[in-house]
Amino acid sequence: MNLAPAGLGQLIAMRRRLLSTLADHPQRIAIDADLVQLFRSWFNGGFLVLRQIDWRTSPLVLERLIQYEAVHQMQGWRDLRRRLEADRRCYALFHPSLPDEPLIFIEVALTRGMSAKVQSLLDPDSVVVDPRLADCATFYSISNCQDGLRGVPFGNSLINQAVDELRRAFPRLRTFATLSPVPGFTQWLATTTASDGGDAISAELAALLARLTAGDVPDHTIMSARLQPELSRLCAYYLLHAKRGQAPLDPVARFHLANGARLERLNWLGDTSEEGIRRSFGLSVNYVYRRGELERNHQAYARSNKISASSEIEALAATRQ
Amino acid sequence: MNLAPAGLGQLIAMRRRLLSTLADHPQRIAIDADLVQLFRSWFNGGFLVLRQIDWRTSPLVLERLIQYEAVHQMQGWRDLRRRLEADRRCYALFHPSLPDEPLIFIEVALTRGMSAKVQSLLDPDSVVVDPRLADCATFYSISNCQDGLRGVPFGNSLINQAVDELRRAFPRLRTFATLSPVPGFTQWLATTTASDGGDAISAELAALLARLTAGDVPDHTIMSARLQPELSRLCAYYLLHAKRGQAPLDPVARFHLANGARLERLNWLGDTSEEGIRRSFGLSVNYVYRRGELERNHQAYARSNKISASSEIEALAATRQ
Amino acid sequence: MNLAPAGLGQLIAMRRRLLSTLADHPQRIAIDADLVQLFRSWFNGGFLVLRQIDWRTSPLVLERLIQYEAVHQMQGWRDLRRRLEADRRCYALFHPSLPDEPLIFIEVALTRGMSAKVQSLLDPDSVVVDPRLADCATFYSISNCQDGLRGVPFGNSLINQAVDELRRAFPRLRTFATLSPVPGFTQWLATTTASDGGDAISAELAALLARLTAGDVPDHTIMSARLQPELSRLCAYYLLHAKRGQAPLDPVARFHLANGARLERLNWLGDTSEEGIRRSFGLSVNYVYRRGELERNHQAYARSNKISASSEIEALAATRQ
Amino acid sequence: MNLAPAGLGQLIAMRRRLLSTLADHPQRIAIDADLVQLFRSWFNGGFLVLRQIDWRTSPLVLERLIQYEAVHQMQGWRDLRRRLEADRRCYALFHPSLPDEPLIFIEVALTRGMSAKVQSLLDPDSVVVDPRLADCATFYSISNCQDGLRGVPFGNSLINQAVDELRRAFPRLRTFATLSPVPGFTQWLATTTASDGGDAISAELAALLARLTAGDVPDHTIMSARLQPELSRLCAYYLLHAKRGQAPLDPVARFHLANGARLERLNWLGDTSEEGIRRSFGLSVNYVYRRGELERNHQAYARSNKISASSEIEALAATRQ
């Protein structure tokens, strides 16, 4: 099945097409399940290779990063180059039989203190600083590359290996944290408010929510400081208490909490891109990966969906009512 | 299970130990079957990498060839070096996660005409000739390296890839043939003769067979020319008609015939080592791989165990009675 | 002097700065002569390494091509990528101590027939064709990268090695030719005409020459077909008879003729860029590298500045008066 | 001159042959001087590449170490392998155009304390120890490989780079010292004693010296403890006061002292090989490379041939009369 040199890539492409037909052909789910099981065996972490991506990496690989970046899009080579400068790091996982095809990649900023605002990290004209002065590694983007490998988990392994590499290269790093989107917040608020009759939120927020829901995304300068306390409380509540089954409703929260990270801080105007405003009123979140507590958090989450959160966020959520 | 970098090697070692305990613990056969299935998935031909082995290859790999060579043993670096000179080729298959561990390797001599005698190929003092003058690639040894991977087939894929590489590098090659042992001949003759009452063979051969059976292997100079016609007939008969179930009794014959090769020629005094005398009275065999007939032979063998053999060998076998 | 790892690059940079001060400090010419002698020893052809440049090459090197391309400028990564597609080749020479710094590079188009018009080769949207169908390798650009190595000859060695590589990779190639600019034509015509009183050229050409001399470069659509015979005759005469000492006045002609190439063909509207109109009224030239006559042409040129030219060009030049 | 790929190697071989004819053809000294100047330019330290040699290194290179080892010969692959184990290091300098030809190499043992006896380092059956426990790097052999490059200095650069590499890899190393032969001691003692009439040495030593001079080298067990004080005094005197012109007579002393090392310790029975007994009655010497004093020692030696030595050795030398 996999004998031809290009076989593996073709199988992945085949599954990508298969996935797009599952809705119309539910009987194909069994084939899909077989393929996932095969891929989980073949793309076992023990076979994957971590490679640092930098300005020496072949353009064959680099152009795929531009194409696959799903969290904070790149406009081209200039955006990419800034993300590969001395105070940034990028790591990707590869399968040895697909040396030009990243499976997943992560982008890191080496910073003093935990970053709160992603736009200042992305700006191609921002000043490059000496990475040896950094005390924090901020993971600001993580993107899966292969639709055809959906359901094969890579993310946790990539983060762990990236942390190991960074620790080795920069012994002065103290904090490993993400700067993450809150993709489901606006939509949850719209749904909740609709069923509440809308009494629970201020008129200003209700007006803004209506615009977003209608697809009319204003510039971030409209986010008045008056909205900050209300939105922060609501977002903290969303992250801690909104559920899908027993697990958090927010998919990014689910991923990092299952890895054992801790929900640390909300950032007002943390992502002021159109997409950031649309999905979460510009709020972003830091999840912290602390070596000493990862295993404990992971276990508690796996057993009972217990969320590890800072007291600041818990306090915010508690004031919602 | 396979997450640690050394994980794959450890699993293979685990199975090697498991295999040695199966006789005493038959209930472990189910575990073994699971491992084989896993290994067949992981060591799928599409993932394996063919590498040419030569005098540039790391000693970490080279010393394993000395260790694993199972057909014609090497006494050390001097023997090895001759097998890597300009008129020899060596290819091995590797898994990308085990870059220093060959899985199987094959040794080839580039010759004028199909080689009949293996000792002249192995002699470390033999003259190195210009490989561009060769018209035949003689495959004189193929060895599996990993006991723990028993049951995972590598040989056919290795031969096919080696033939492709050789064709590319030496367009003047016309014949691709093995120079192979006949490992089961002496033992079969002993068994057959015992049940026949020994009437069927000459007194001289009966005496020699008795010595071999008793573990007393004489020097090859004892092989008198008088024995040649009788042994050749018997060996041709053995290769064509001795069976294990429907398939040939000889394991090397089973392997090459299943690949689609053709049983071409018997070589008197073809392997005069102690081992060669012991297992087959010094006889060796050439199997020929002809591109045009491989698929047809393979199908005929797979369907009905039909053996493709030269008319010369068929004639020899027919004269046995 | 050269002990530090970065030493060689620093010496080259030092000479680049030195060159820019020679006019004001003529006594530094002796230092410069010493440096050139040192560089000629160090950058001896035997030490240099030819590397093919393609879309796998590190961006560290690729961005230097964009920067150093001197004949047909690139606007960015899109232009570059077209020049590295399957029907193009790019080769560069490197010194082993400066692995990221190309010294000189050459760009080649694999075409059916000898190319006449460079714009169709450069167009980033042009269709990529199967290079195995090509019968001609057209060298359309060659650029030195290091000002600090002026006077160290690389070009002839690069062309020879590129031809060898191309011959090996594409045995069906029959013609190796350049598509070259004629950098000194307009200026020579202006000088000559001024001293002639301008009687020798048509009024239309005189008007155009005046515009170009005044720095007003019209679009190529102004080049009326009426001008073609006159300009072709003049350009052929310029290439064959305009001299600096005993050698051709045109620097590109000097380079290829000294290498043993033959002046083959004039191409009307061969380079319609602003620069092409400005320097040679859009005319371009093919020089052909024929293996069988390179040495003879080179010797004749070295001995007596004899120019090897096609009868077509000689006939054109002869009709000038 | 150097254009063919193999050109550099051929030039080196040419000079090797030239050197062997200089005695008979003194007029060739001028050619030789030109070649040395050329080689000094080409083999400038800035162009050379340090590579660690280990059990992964190509046998093409490894077999040259066996061949070129000049201080403590290797009997074959087994000896070599011990010198490449985890508690040993080997570094060589290469020119990029001769990637398979080491120019010079150095062998290092990672030890606790400064080694006194070389045989225990060379023993192929000696136990491999954890190199992270070592506090001393003992340089026990340094060999030039290319006769044709005689007069081009590599040694000091190699030692400096090796020390840098070792410091990086093993931050716990405190001492960098050689374990060196004293090649000229026996011969000096024979010459000196002959002119003295032999009164100055004991009868036992005189008898031993006579045997060595006659080419009859006894086993090291003959070295009675009675001889130790006398030989140690004489050897210390030889190292400090025997001269060729203004510089030490001993060539190994000249090399390390010119590099800025310090003559630290004499080792009784430090080299008990036949060669060690023959050249220096089995005595060996440690020279220590101390970062803080290398430059000062080098300057003092270069200015006035001042020898940096331990008080122990100075005291020994002072008691000679």
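Order of writing sets the labels: A, B, C and D. Residues in every chain begin at 1.
Keep this in mind: a contact is a pair of C-beta atoms (placed from the backbone, for glycine too) under 8 Å apart; a residue touches a chain by one contact, two chains touch by 3 or more.
On a predicted model such as this, the values are computed, not experimentally measured, just so you know.
> To get from chain B to chain C along touching chains, fewest steps?
2
> Counting shared numbers against all numbers at the contact of chain A and chain C, is it over half, same, or under half, different?
Shared-number fraction above one half, so same.
> Using mean CA coordinates as chain centres, what's the gap between chain A and chain B in Å?
Between these chains, centre-to-centre, one finds 54 Å.
> What whole-Å value do you get for the distance between chain B and chain D if each is reduced to the mean of its CA atoms?
Using C-alpha averages as centres, the distance is 51 Å.
> Averaging only over C-alpha atoms, locate the centres of chain A and chain D and give their separation in whole Å.
Comparing mean C-alpha positions, chain D is 59 Å from chain A.
> Residue numbers in chain C touching 2 or more other chains?
There are none in chain C.
> What are the touching chain pairs in this one?
Chain pairs that touch: A-B, A-C, B-D, C-D.
> Give every residue of chain C touching chain D within the complex, in rising order.
Residue list for chain C touching chain D: 1-5, 7-8, 38, 41-42, 44-47, 96-97, 157.
> With touch defined as at the start, can you tell me which chain C residues reach chain A in the complex?
So the residues of chain C in touch with chain A come to 55-60, 62, 76-77, 81.
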